[in-house]
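Below, each structure is written out as structure tokens.
Two complexes come next, and they have one chain in common, chain A, joined by chain B in the first and chain C in the second.
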Partner chain A sequence: MSDLETNAPEKIGRRKFLTASAATAAGAAIAPGVLLHTVAEAKPAGQAVSSKNRWGMLIDTNKCSKGCNACVSACNEENGLEKSDHPNSNEIDAQWIRKVELKDKSTGHSVSLPLMCQHCEHPPCVDVCPTGASMKREDGIVLVDKHICIGCRYCMMACPYKARSFVHEELFNQKDHAPRGKGTVESCTMCVHRVDEGESPACVEACNADGHKAMYFGDLKDENSEISQQLRKYPSTQIRADLGLNTGVRYRGI
Partner chain B sequence: MGFYGLLAFLCAFILAGLGATYYMEHNGHWVTGMNNQIAWGMPHVFAVFLIVAASGALNVASIGTVFGKKMYQPLGRLSSLVALALLAGGLVVLLLDLGRPDRLIVAMTKYNFKSIFAWNIILYTGFFAITGIYIWMMMDRSMKKFYRPAGIAAFIWRLILTTGTGSIFGFLVARQGYDAAIMAPMFIIMSFSFGLAFFILVTMATYKWTDRPLGDAILYRLKNLLGVFVAAVMYFVLAYHLTNLYATEHHGVEAFILTGDSIHTKLFWIGQILLGGIAPLVILYSNLGKSRTWIAISSLLVIIGGMAQMYVIIIGGQAYPLQMFPGMEVVSSTFSDAAAYHAYTPSLPEILLGLGGVAITIFMIVFGCKVLNFLPASLADEAVDPHSAATDK
Partner chain C sequence: MKRIETIKAVVLAMLLGFCSMAGSLASAEVPTPDIPKGEGEKCVEPTDIMRKNHMEYLLHQRDETMRKGIRTKTYSLKECVDCHTVKDENNIPVTYKDKRHFCNSCHEYASVQIDCFSCHSSTPEASHSGLTKRPAKFFNSTQNLNALNLKAENQHE
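== the complex of A and B ==
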């Protein structure tokens, strides 16, 4: 039986073979766009990031489930953020992403959403950082260079989203891909280590795996990307749009 | 107590501050009252107060040099020393509260010029250099022709410096309590007030302890000036809050500070306004103002009120939650976004670090006065101005 299957191509008739060849040829002709797109996401190691991309997220609060914490758990797991045993661990531990539930004061309509670094085009944290440790990559991802962060925490004062955390104690069990350090400030990296490998951030993956599909990740500068198409098709908002920061994270339904 | 006794007393505080730093840096900042909501705590209250007072303490020298008031000129050297000492004390506290104070060299070599913090590092360093040169010009008679230019440079530099300090808060667009252009001039006028109050206390103490004559003429002049500065600070505070009260978007933060149930409301009304504003004004401009004890008390009250004001600005500004969702109520959040305000309780190590900074300041002044000629031999009325009797109140 297995022999038959293995040898199956040899048994394909001439007509079928030609059809298959034509389909392959057509595929090869159409595919480059698709294939190259995939290749572009998986940037070869050693190649500098480029401003041709701008990584962003869209969060559909209509699909975000109240009480669901999958994105937060996934982020903590992915980046090695562990809960401490301090009584006020909520205020001490690093929180790169948090779940917030809102209610419209006049209508009573309530929504749930994840809140994290909004990866602004004009990030106030980068503006105020005295040493330049707070920085924005060419592709829009806002990061902290832990080697030159002096722990002054001015970025925490400046961030309109309270997205930054200060490492208040010695850390153990760190992940190789997400190095952290006592006395420095950190925040959501948009899972830069995964993005550079062509993957999605852990939170987005977890949300999809749970079936909510409330988070889209992609290249805001690629007009064919799903996120761009979604943003073009439906209205979305930025948190604190009044500040004119042009956030990389957009929300739908608030 | 004597000179060495005083130094030993101050050293005890400095050592306690260093011990507190070791404790905080060794364990990490979780042992302090600070957290990810209140990222700047008590050390910043001390540090910013000292840095603001530093530039104000130089005022006495500037009035003499830049504005040519002869009566103030003998005090120029002491004024500059007090300014340098206050700045040094404040900067030590600021540095030792960093998450990575060991990276001072990074802060000194890597600059992001869009950051007002980076500019401040340059402004502080420049202040030391310029004020140092200014002192040299005042002490070295052969350099007399550079005396006035150096004084003018120091005066301009101190104005820029405090503009920079105020702008640390003024430039913070995210928070309701900050993001206001008035911060820069308000900090300048605060520096006039806090710096002069500290200077008056230093002058009275050093002249008493060294048995030098200090006449009423100079003291009354200084205390009247202090009254003007205290009133001016209150005016700026009034303008700041009135502007906020007019704009509906700021009603929340104003209610939190002015009518809330947190410590900030008490500190504002009792500490800043009553003790730091109204009480000194009443003392300075009433008959009480003729008493040296009351002049000293009012100066002390200005400092207490100034610390309260710093606390309300720095901690209160962070305690009020960020307004991210206008018109929405935060029902729940794992990061206290739903809280009416964020609580902060200063820890002992933070207070010890702050007091250590104050001790460094006083140590530098005491030591400086001992080894160099900072104090005029006499500030008796006939010495400071032979033509004027101490008639003004």
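== the complex of A and C ==
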């Protein structure tokens, strides 16, 4: 007891010192009022995600190349989505992200864009889920808790973007960071395992690496993030904005 | 009188001896699970506590990670798998389908089914490339189906 008391002032002093030094280290100032931020600052592993952040994406369809599939293959690679060995399956069963081509019939103009879970603020999939497996994290990422998913697929029917897939067959050798299994519904997780480590999703990284730079990822609630600045500067669209879901994925050029 | 007491003592000694023999025989006959030793000096909790409560720790961690994004390593399933790897004769970590797998060694004994590994990886990720995609029995069934399909195609021609 006496030990604790004598140590207490020193502990507080040390903690204060640490928080003070952490505050100075949090952002590198290049000019007064201008801060250089990484895409997402890594949170400590033991800290819960909070509603102070809302992760989102901006896709510039003007930069998205028609023949390019880099985001899709990066997603499949990252999350271990493979073609089934079943003789009747010709392609990968699960689609977390896919390329869609939109064509204006009157003019013939077409755009190509990646479509995935739009990480809605008011997700219909969460509304209809009978078990609470479909859920939205505090930071806006919509996920399926496969531990309690019963595979009823109501969420797949409710999703206006057809963003979810059902796993029909037994899987083997899933990735450590992306557990997947038969009888559950799954969809884009916005690479939640990477986001929690302060990295950006695999699709965004692949798009940048390919030199297209059509995808931005960042915190919609952080005014200084690149995505927020881009959204403020140029017009953008939510797909099916009429549904009032307030999607976390925004598009430019459609 | 003395004789009777001697007989009593002898009978008692024999009984005791028999009991202890039976006891040792019984303990030898009851099979106990052969639990492989994990890496490192000790587990995250003392063995007796882990034996009793590991599922509680995993369940708690599961919800914390899934719902709140808390990714501490202490009670993470991935860490269990990493430390408690059992390798086969070819030095390849065995999956949960193998009786030698750490979790399986006891779960099979206790006849308690584990559902974790139908989704989660039961071997450390670094070892994945060395494994075939599916166990042999699945390959066989696929080949059989392929053969059937071929047969059907030939008939069609």
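Here are some notes:
Methods note: the second predicted complex is superposed on the first by the 206 of 254 C-alpha atoms of A that agree within 3 Å, B and C clash if a C-alpha of one lies under 4 Å from a C-alpha of the other, contacts with A are read in each partner's own complex, and residues count from 1 in each chain.
What we mean here is this: a contact is a pair of C-beta atoms (placed from the backbone, for glycine too) under 8 Å apart; a residue touches a chain by one contact, two chains touch by 3 or more.
For clarity, every value in this text was computed on a predicted model and none was experimentally measured.
In this overlay on chain A, chain B fits alongside chain C without clashing. Judged by the touch definition given at the top, the superposed model places A:C159 against chain B, while chain C stays out of reach. Legend: residue contacts after superposition of the two complexes on their common chain; A:D196 is shown touching chain C, with no touch to chain B.
In the overlay built on the shared chain, the residue A:L102 is in contact with chain B alone; chain C does not reach it.
Contacts of A:K182 after superposition: both chain B and chain C are touched.
Judged by the touch definition given at the top, the superposed model places A:R137 against chain C, while chain B stays out of reach.
Within the superposed three-chain model, A:G46 lies in touch with chain C and out of touch with chain B [touch as defined at top]. In the superposition on chain A, contact of A:D85 is made with chain C only, not with chain B.
After overlaying the two complexes on the shared chain, residue contacts for A:G211 are found with neither chain B nor chain C. In the superposed model, A:N173 makes contact with chain C only, not with chain B. Remark: least CA distance from chain B to chain C after fitting both complexes onto chain A is 11 Å. Where the contact sets of chain A with chain B and with chain C meet, they give residues 86, 170, 182, 184. Residue ranges on chain C touching chain A, taken from their complex, read 62, 64, 66-73, 78, 118-121, 124-125, 128, 131, 133-135, 138-139, 142, 145-146, 149.
Within the complex formed with chain C, the chain A residues making contact are 43, 45-49, 82, 85-87, 135, 137-139, 143, 145-147, 170-176, 179-182, 184, 192, 196.
Listing the residues of chain B that touch chain A in their complex gives 25, 27-30, 35-37, 39-40, 98-101, 103-104, 106-107, 110-112, 114-118, 120-121, 168, 171-175, 318, 322, 324-325, 327-337, 342. Put simply, chain A touches chain B in their complex at residues 72, 84, 86, 88, 90-95, 98-106, 110, 115, 124, 126-132, 148-154, 156-162, 164-170, 182-185, 239-240, 243, 254.
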